[in-house]
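Common to both upcoming complexes is chain A, partnered first by chain B, then by chain C.
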Partner chain A sequence: MAKYVLKRILLLIPVLLGVLIVVFTITYLTPGDPVVTILGTGYTPEKYVAKAAELGLDKSYLEQLWNYIWHIFTRLDFGKSYITNVPVATELATRVVVTAKIAIITIIIDVLVGVPCGIIASTKQYSAWDYGFTSFALLSSAIPSFVIAPVFQVIFCVKLRWFPLAGLAGVSSYVLPIAVNALGGIALITRMTRSSMLETIRQDYIRTAKAKGMGRREVVRKHALKNALIPVITVTGSSFALMMGGALVVEMIFTIPGLGTYLYNGITNRDYPIINGSVILAATIVCIMSIVVDITYTVVDPRLKTQFVSKKSGNRRKKLAQAGDGHV
Partner chain B sequence: MVMFNTKKRRRKMEMAGVQFTKSNSRFGDIAARMLRNKLGMVGLIIIVVLLILVIFAPLFTKYPYFEQSFPDRFLYPNAEHILGTDNFGRDLWSRMLYGGRISLLVSLVALVMSNVVGIIIGAVSGYFGGAVDEIINRILDILMSIPSMLMAIAVAAALGAGPVKTSIAIAVTGMPYGARLVRSSVLALKGNEFIEAARATGSSNLRIIFKHVLPNTLAPIIVNATLNIGSNIMAISGLSFVGLGVQPPTPEWGSILSAGREFIRDFPPIVIFPALFIGLTIFAINILGDALRDALDPRLKD
Partner chain C sequence: MKSRMKLRNICSAFVIAAMLFTLPTVTASADEPREVTSPCVKVAEEGSGYVYDSVTMGTGIFGNFIPGTAPTETDNGCSLVFDVVFKVDPETKELYSDILEDWYWEDESTLVMKMKDNIYFSNGENATAEDLLYTYSSHADRGSAYVTEVKINYDKTEIRDDYTLAMNFDAFYSGFYAYKMYLIDKSWSESVGWDSLEWLQPVGSGPYAVTEYVMDDHITFTARDDYWNKDENPVKIREWYMKYYADSATMAMDMELGNIAMCAFTAVDYERFLKEGGDGYDVYAGPSGCCYIFQFGFLENDCWYDKRVREAFSYGIPWEEFGAVTLGTSYRPTHGFVPETSPEYIDVGGYTYDVEKAKELLKEAGYDESNPLKLHTVMMDVSFYSKTCEAFEYYCSQMGVEFTYDLKDIPACVMDWNTLGGGCELGWNFNNLGSTTQQFVQSMTFAGSDAGAKWCFVDDDEFVELYNAASAETDEEKRIELSKKAQQRLYDECLAIPYSECSYAVAYRTDVFTLDQLIKGVMCNDYYNLTNISLASNWE
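Moving on to the complex of A and B:
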């Protein structure tokens, strides 16, 4: 198992290298001159040349790319913001804590609410509960967070005055951002749990468990849920990763000093080191989460361990699984 | 040329006694299953109504979407202005209709671009396998490890704002997912005997891909595409919201919403109506997509 984890971590390097190249190239091809952005309008040609040399912008594409990658891999140096001149890495490090706090609490709420809702909806299929939960899930997945957030602000901050409108001051200011974030996640996890449970409940071993006289609750908990959890873990992991990197709109609306607002500032000022750094960090989190998710699989379903450990059979199974989910 | 060939083939086969009713009956089956799904029909009706409203926008509103009228600012919904007016006194109803044009058009253009490229890449990768597949897959891995919203932001920031550039940004973001889907379908199909038969009769790779493989992967592609329209609309609105999508004064649901956000305390309609249109459209598309999935492939049904 340790070998497998190590292998996955090593495989991360080429992927992240690819992300670096993609992100750097996108910015490189962007029209507009960062030197002009930094110096403003009144600059002399000498100043321009000096600044370009300082930033390394006078070098060729490959040299610049190499420098960018080298600095990140050796010193975690993502460059400096064009506007504030603060290193991007330091800002990312302080802001990731804020975003992580919100993301962790949100994902815990998502799972604690979503999984039971999904179980109820599936075990009581076509009941009022089922229709209630599914229509809630459908509705809240249709409303983007940048719609829910302002509406919540109007209701809870302006009209009812329960929570502060914006900023991070005390526990109460976390409530609304987490609620907005959690809504979508709960919907997703409920849907996923429901469909996965419905599939599992129809399996033969569930009928066997019922036939041998096991209680309903026990069947659900011991036999159905454990086997139905895999897709739920997948969405949980990916939605956590997305929140870490992409809770941009919610953070912006509630002016939370996290990664999202940082990225937003970067976008509005066309401050490319910030945009690149944020995107790379988000991609790294996504990759790490996918490893964590794969490891969690083996905890929930020990059968998968053999698949991960022996590479050959793993590949075969993976191919079978891929072939299986795409058939017509 | 291809059409001609097909017709010729068909005629030959018909003369040999092959009947071509099967595909029709299959379509009938799908339509029947579709019609039985009430929720899906609700979605379809909402979308058709929206499309009519948006395409024939001039028929349903007497105000141009750009006409400003200072004395008529911040009017609540009334007989003159069905949805009220915004901070410049522009009619919100006509802004919604014309805004929907941009939202829907951009999302459709993005959908077509991402699917065409995605299908070709996915089909090539799945069909040929080996080193080609390996290389394409690694590149897709890289693209997919960047969260789609951030990818769209990075590309949009590089390209700049505007409807065409926004659709390109969204298409780039969506492409890897379509490619993966097609690839896995193609992988599942590749071993089938009819592919082998086609190869045995001397069909070229291109012909096998377009004539035999892709038509059989249509169901997941259609379902995915339908659901993609919804997520594209959400992405466009999101991009406009952070100032990278469609810029004012061009009306677009997301940009109307974000422009109205500063007035939300005193004049909620300016935010609520675009929100309603976005939410309703995505909701309708989601339930239609689910219904389509169930109708096209009953086995996928949960």
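Moving on to the complex of A and C:
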């Protein structure tokens, strides 16, 4: 298992390199010029040339790419913002904490609310509970966050004055952004849990467990739930990774200085260091989350551990088992 | 049966809970008076010398304080931290300066500026003529958006003594006085360099200093006890807390709630909802000193060299209706290229809407149903341009003109504007920085040369001569006369079409500021002079 994890971590390097090259190339080819953004509309050609040289943008594509890759891998230097001159690494380190706080709490709420709702909907299929939860899930998925967020602001901030409108000063300021973010996730996890549970509770071993006299709750908890959780874990992991990329709409509306707004400002200003740095960070998080999800699978379903066992040790264990040592 | 009863009870409980939950929402309508506590302000203690200990304002613009690095220059903050070389009195429209004792033209090309000798930066350094020269030359060296029009000859410019600068011009630009030139400490600036993060808390000679800067969150400005002009210009607000908002609608809502004392409305749409004012807030819409002007992209499409085609657009578009549709409550009809309050204003005359006449003119020029005139442009993907292009497309279709457009983000759009062949065959010019001096050359930027956005250039020899002469004229009366002639030429030859004065909107808490204080404090656009608002003279 440890070897597998190490292997996956080492595989991150070529993956991130590939992401870096693709993103760098796309931003390089995208219309729009950061020099023009900085200088405005009234610059002279001489000033343009001087500014481009200052930013290193007068070099060839390959030269720029090589310099960028070299600085990242040797010094973790993502460069400085063309606009603010603040090192990108410094800003990313601050903002990832902000986004992580919101993402982690959102995921916890998604799981704590979504999974039980899904279980109830599946065990009481076609009941009012089932219809209620599936309708809620459908509605939450259908209404986009850029609609929900301002509506929440008007109701809870302007009319009721329960929460602050923007910023992250105090615990109460986290409530609405997390609520808006969580709605979509709850809907997704509810539906995923419900469909997965419905499939599982129809299995023979569940019928056997019931026939043996096990209580309904015990059957769900001990047998059905674990088997139904695999797709839920997958969805949860990818949701978290997406959220860590920055829930842009929520961050803009609630003025949260997270990764989403940072990347958005970078894109609109053609601030290449910010764009490249943010995307690499997001790609890293996605890769790490996929490793975490794989490890979590084995916790839920120990049978899956065998996929992490190497062929050699797998054969050795087989032979020992055949020899009657009792190893599996 | 039992389970049905149970379910019914649960549903009833849910409905009752929902009703209770929504009751405050339903009963607390926008019309009901609500107690305003204005948490955006902390009133100062008596005897402290201040009226307010702290005032919170909202802004959608954050950046460093390096003067001239538009669009990121945090102008509102710059006016607190730095002294501006020249200012315009909002009431009398007269030019004045806090840092110059005197200034005069020695000859046609030499402007002598005498500084006061008691100006000190926040690091204790005395401001001298060297700093004043550096204030201008640093823009030229950095290629900033400022001072590209004014041609200062630095080789012939002299520092005559510690506080006297004789600035020489190859070509003067009459908008020179309207530039927001912030006095920079040369030695400090050179020691830290333009890339330094120290520009987030810069050294300045202004009444305030940046005491806290949190990126994309807030900036705190605190009044300096050692401000050199404290006795002449004492301030009554000890601290400005500038709060950042990524979304303008959120900022406007927070203004409504009293969490910020003032904010600009750059989005026309939201301003409409607060136009009526309400509990403790109001909206002031003031002239920015410029006008919206429709321009023909001569360099991009030869059709504009035919006067009949230009006339067709003058008569074929109902410009008053167009202004009302695209600008909404911000629309201020005009027949001039500068605001009516400008000394350079001239009513050049309007165009009577006549779409049949327009079609006739186009037919004479060779465009009809079988050979329609096709036009294309590229504009910024912002609310103003998207509405404008949409409306223009409709009115063009009435004339039988095929108009298409692309909306691009700012960097891509500006690149197309500045490139010949960029596809911008027409456009709507307005100076988003406004003009405190309300000069014609500032209202129609880049009209006299093709150095900037190509579609802004008016390719008419007589106009270009008049424009550049007005731009370089140092005598005010002569300049006004030349500007008026240039404007009349534009109208007579249908070279450009003005349709609205530019305005900006500022929302403010009426329990924090009076309208008078706001007007005195606001410069010309959403870049306020917050120091002016803070001045003791405004609180008497």
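Throughout what follows, the second predicted complex is superposed on the first by the 286 of 328 C-alpha atoms of A that agree within 3 Å, B and C clash if a C-alpha of one lies under 4 Å from a C-alpha of the other, contacts with A are read in each partner's own complex, and residues count from 1 in each chain.
Here is the rule we go by: a contact is a pair of C-beta atoms (placed from the backbone, for glycine too) under 8 Å apart; a residue touches a chain by one contact, two chains touch by 3 or more.
If you're wondering where the values come from, they're calculated on a predicted model, not measured in any experiment.
Contacts of A:242 after superposition: chain B is touched, whereas chain C is not reached.
Legend: residue contacts after superposition of the two complexes on their common chain; A:223 is shown touching neither chain B nor chain C.
Within the superposed three-chain model, A:91 lies in touch with chain C and out of touch with chain B [touch as defined at top]. In the superposed model, A:144 lies in contact with chain B only, and not with chain C.
In the overlay built on the shared chain, the residue A:198 is in contact with chain B alone; chain C does not reach it.
By the touch criterion defined above, A:252 lies against chain B and chain C together after alignment on the C-alpha atoms of chain A. Once the two complexes are overlaid on the shared chain, A:158 sits against chain B and chain C alike.
By the document's definition of touching, both partners, chain B and chain C, reach A:31. Looking at chain A, you'll find residues 30-31, 150, 153-154, 158, 252-253, 268, 270 touch chain B in one structure and chain C in the other.
Residues of chain A touching chain B in their complex: 14-16, 18-19, 22-23, 26-27, 29-31, 138-139, 141-144, 146-147, 150-151, 153-154, 158, 194-195, 198-199, 241-242, 245-246, 248-249, 252-253, 263-264, 267-268, 270, 272, 275-276, 278-279, 282-283, 286-287, 290, 319, 322-328. Listing the residues of chain B that touch chain A in their complex gives 138-139, 141-143, 145-147, 149-151, 153-155, 157-160, 181, 183-189, 216-220, 230, 234, 237-238, 241-244, 254, 257-258, 261, 264-265, 268, 271-272, 275, 278-280, 282-283, 286-287, 297, 302. Note for the complex: chain C touches chain A at residues 7, 11, 24-25, 28, 63-64, 69-72, 142-145, 148-149, 194-197, 199-200, 214-218, 243-247, 249-251, 253-254, 256-257, 259, 408-412, 414-415, 417-418, 445-446, 451-453.
Residues 30-34, 36-44, 46-48, 50-51, 80, 83-86, 91, 94, 128, 150, 153-155, 157-161, 164-168, 251-255, 257, 261-262, 265, 268-270 of chain A are the ones touching chain C in the complex.
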